[in-house]
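Below are two complexes that have chain A in common, paired first with chain B and then with chain C.
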Partner chain A sequence: MSSDFWIMLTAALMSASCGLLGCFLILRKMALIGDAISHAVLPGIAIAFLLSGGRDSMAMMIGATALGLIAVFLIQWLQSSGIQSDASIGIIFTALFAVGVILVSLNARNIDLDLDCVLFGEIAYVQWDTWMMNGIDMGPRSVWMLGFALLVILTLLGLFYKQFKITAFDPAMAAACGIPVMLFHYLLMGMVSMTSVASFESVGAILVVGMLVIPAATAYLLTDRLGRMLIYSVIVGVVSSIVGYYTAYILNASIGGSIVTIAGIFFIITFLLSPRHGILFRKLQQKRIASSMTSN
Partner chain B sequence: MDMLVYIVNDPNIRWIILGCMLLGLSSGVIGSFMVLQQKSLIGDALAHAALPGICIAFMLLGVKSTAGFLIGALIAGMLATVGIRWITEHSRIKQDAAMGIVLSFFFGIGVLLLTRIQHSGNGGQSGLDKFLFGQAASMMRQDLYLLTGISIVLIAVCILLFKQFKLVSFDRGFAKGLGWPVVWLEQIILLLTVFVVVAGIQAVGVVLMSALLITPAVAARYWTDRLHIMIILAGIFGAVSGAAGTVSSSMVSQLPTGPVTVLAATLIFAISALFAPRRGWLARLWQHRRNRLEWNNKGGVSHEQ
Partner chain C sequence: MNKKPVNMPDHTAVSPLHAQGITVAYHKQPVVQNVSFKLDEGRLVALIGPNGAGKSTLLKAMLGLVPAIRGEVSVYGQPYASQRKRIGYVPQRESVDWDFPTNALDVVLMGTYGRLGWFRRPGRQEREIAIESLSKVGMADYANRQISQLSGGQQQRVFLARALAQQADLYLMDEPFAGVDAATEKAIITLLEQLKQQGKTVLVVHHDLSTVEAYFDDVLLLNRELIAAGPVEMVFNTEMLQRTYGGRLTFLQDSGSMIMTGK
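Here is the complex of A and B:
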């Protein structure tokens, strides 16, 4: 199959997973925790790489998810010891990311794990990095990893949709209903870590946060219903990855960078023109109210 | 050890160490105000936003010029802060999400432009990607003058406006009630932060610059309740981390300066969080134990009544 197809499939799977999780991050006002996690998984990836001696997807997935959860735990621990939440996020994610960068750059001789690839992804090469099982070529490895991540997310969200929803909007009520809020918190964080890892190869560790936050925020401006927000967010993410791919092709530039840029442009358009929450519509409404007041 | 002596004796590296120490000092000082204003992560957004500014400056000028980068990054940083404020004021999106959006959007554009420049085959671009994680060794004499100038201006402004900055950071409402130009003062602090961030990018890189603003300041907070002592301590912590980062990255090839500097700062933070008197973890544990002992010696609540 053509390389275009595989690249776009990878990007679409990535943005769908990120889009779904991003909605919950936005609603729980934890967008920056997503940022922190996507930076903090880097040492996990590096350690798993060094221990397993190669690009073992499963090892990376486990190592990085563990590191993501450790980061969340540390941030919460600092917060509970009296440091402001954004300061503790800043301390933890920079420290973990620094460890990751050092581990990667000290092993720079390993061509397989170079810094640029980890940071910006090498989505253009997904189709050559295939997963071999029993000598049979099963297709690009990233597609399998992202597909697995998306499957886990869909399963968990499908099974516990109501719980995630109540926890997102009103954690106190969720606790009163007997929902284990902390469990769902860590489940969400675990999923974010897993997705960050699965996507780091396609868009890189830094731009994952863009795909977590931007499509979800765009959807947040378009609707008041969680179900629709999830769908819109996935649509915005997938469309930006396809448009972004062609933009990168035309500009001869990084695919990850242009996907996030396109998503950002979608956000700006929505921010200005959204039917209910856009600036333009609000201005019009204000004018209408003002004129009806004066005419009375 | 010989290596260390060699490095300290090398005049070039001595200059660079001095530059990084100045940078750590100024970011510690201004970072204290940012942390107290609960705006810690604004520095992160500013640093990420600087990348497209640097790339556009390079595309326009065609050469690497520190002054050009400074102006580009300054404009981009200002745009980013305006963008964050704009989004939070005009929609229901909260501050944290707005920051995430602006940060990643600007950074996405930055990566797009950076790769475009790299693929364009312009020979002058080599080393542009050093801005991601910083390479203090690439600092030139002019950069050092710039850093020195920025540090002096910053420290002078902080001393002159100390009282004003202090009140704005601790009790914004009261400062406003006194009729002070609170918004202007906040803008000055923000502008100083942008200067430090932009100056620091070359040494620490855009990704980790925020750590230099946050970590030394929070570490200093553990040791004291007085603002001026906290600021001085944060400056010292920053300077020490900067020196540690430079020395180790010039000793080991392939090691970018930024991460080592950040780890040094984190180490100082960890030591402070554990061992600081009164606020540290150990001191609190000790206090807790003593309280309990005293309580038991008094015989507990039931006997007192």
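Here is the complex of A and C:
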């Protein structure tokens, strides 16, 4: 199969996962937590790398998810101890990310994991990093990891849609009804961590945040229903991936950068033109109201 | 359960809500101190006190939403945790983001989630309950309206409808009358009367002293500690209010009738 196909499939899977989770993150006003997790998973990846002695996908997923949850836990602990919310996030994610940078640089001689790849991704090479099982080439490893992450997300969101919705809208009422709010909080954070590590190699740690936040924020402007917001977010993410890939191809530029830039352009267009929440239509409406008042 | 005449508190029955020695502290500062009371079934109860008296905190502590450092709550004679399905909670309207992408019917449906357990989704039956609850607060026509497009009073009524959809026996409401229009105030009062007629018990955090006598049967006066508790005609008097509000109570003489404000 062509490398175009694998790159776009990888990017589309990543966008779909990020798009779904991003909706819940922005509705809970936790976009920055997504940012924090995507950086804090780095030491988890490095440790898993060390222990498994190579790029064992499962070990990396487990290590990263664990570190992501530890980061969320530490942030909450600092916040409840009286440190300001944004400072807590800033402290924990930069500190953990820095530890990860040290671990990666210490072991750069022994293992094949470089910082550029971690930060910016190497999506152009996905098709050469394949998963071998019993000597059979199963296809790109990234596709398997991202496919697995997406499957887990779809299963959990499908089974517990009502819980994820009510804990996002009104956690106090959810807790009063006996819904385990913290469990669903950590499930969401666990899924974000897992998606971050699976997306790492395609777009890198920094641009994962873009795909978590931008398509979801775009979808938020387009609809008044949560179910549709999830679908639109996935569509915006996947379309950004495909258009971004071709843009990168034409410009001969970074694929990850192009994908997120295209997503950003979609957001701005929506922000200006959305019939529901776009500022252009709001201005027009205000003008109409003002003129109808003066004419009366 | 035995049928008993409305308005007559039955002291032999188990109390819908029995709080014993509830104490809550934020950063070592007690905000609610050693509060004990017992509600009678089928009564409308106002919880009043000055700003910062710990009214909302007491409500949340009883629901387990903020940790109490001491104290016990029993609901219908059982530990609180086992009775969650019998309690309907109406949080303050400002506690949620009304820009959330959902409509009024969907918010009311959330009232049925507790009963549905882990895996069941709301179905036709839940939908019917939700629509019925919306019509009880006069909001049936707004079922499909995006919640950010509702007025403050309409949002409050959606919250009340959600509590109705919980089909509870005991309702705890946090400032449902705060900042609502006259139509909503009337709708809430009608609803409270209906709940009372069905033998339900309602505890309402309330801030408007001028309506306490008209709307409620019993009153709890709180200023960090419980100052007094009992039927309105026994407890709701100048002396007790002075003790609850201290210097913050002002009386305005208005053409012979007394208007009290306690901010």
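The working rule: the second predicted complex is superposed on the first by the 294 of 296 C-alpha atoms of A that agree within 3 Å, B and C clash if a C-alpha of one lies under 4 Å from a C-alpha of the other, contacts with A are read in each partner's own complex, and residues count from 1 in each chain.
Basically, contacts are C-beta pairs under 8 Å (C-beta built on N, C-alpha and C of every residue); 3 or more make two chains touch, one makes a residue touch a chain.
In this text, all values refer to a predicted model and were calculated from it rather than measured experimentally.
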Review point. Which partner does A:Arg225 contact after superposing on A: first (chain B), second (chain C), both, neither?
Key: second
**Study point:** Per-residue contact with chain A, leading partner among chain C and chain B
**Key:** B
Practice item. Quick one: classify A:Lys162 as touching chain B (first), chain C (second), both or neither. Key: second
Exercise for review: Scan A:Trp6 for contacts with chain B and chain C and give back first, second, both or neither.
Suggested key: neither
Check your understanding: In the superposed arrangement, does A:Gly264 touch chain B (first), chain C (second), both or neither?
Key -> first
Check your understanding: A:Cys177 contacts which: chain B (first), chain C (second), both, neither?
Key -> second
Revision key, fill the gap. Chain A residues contacting chain B in one complex and chain C in the other 29, 82, 220
Review point. Can you name the residues of chain A that touch chain C in the complex?
Key: 27, 29, 82, 159-163, 165-166, 168-170, 172-179, 220, 223-226, 228-229
Exercise for review: Note which residues of chain B are touching chain A in the complex, please.
Suggested key: 35, 38-41, 43-44, 87, 90-94, 96-97, 99-101, 103-105, 107-116, 119, 129, 132-133, 207-208, 210-211, 213-215, 217-218, 252, 254-256, 258-260, 262-263, 266, 269, 273, 279, 281
Check your understanding: Which positions of chain C touch chain A when the two form their complex?
Key -> 27, 60, 63-65, 81, 84-85, 87, 89, 91, 95-97, 100-103, 107, 110, 113-114, 116, 118-119, 121-122, 146, 148, 162, 166
Exercise for review: Please give the residue numbers of chain A that touch chain B in the complex, ascending.
Suggested key: 25-26, 29-32, 34-35, 39, 78, 81-84, 86-87, 89-91, 94-95, 97-99, 101-102, 105-106, 108, 115-116, 119-120, 206-207, 209-210, 212-214, 217, 220-221, 248, 251-254, 256-261, 263-264, 267, 271, 277, 279, 282
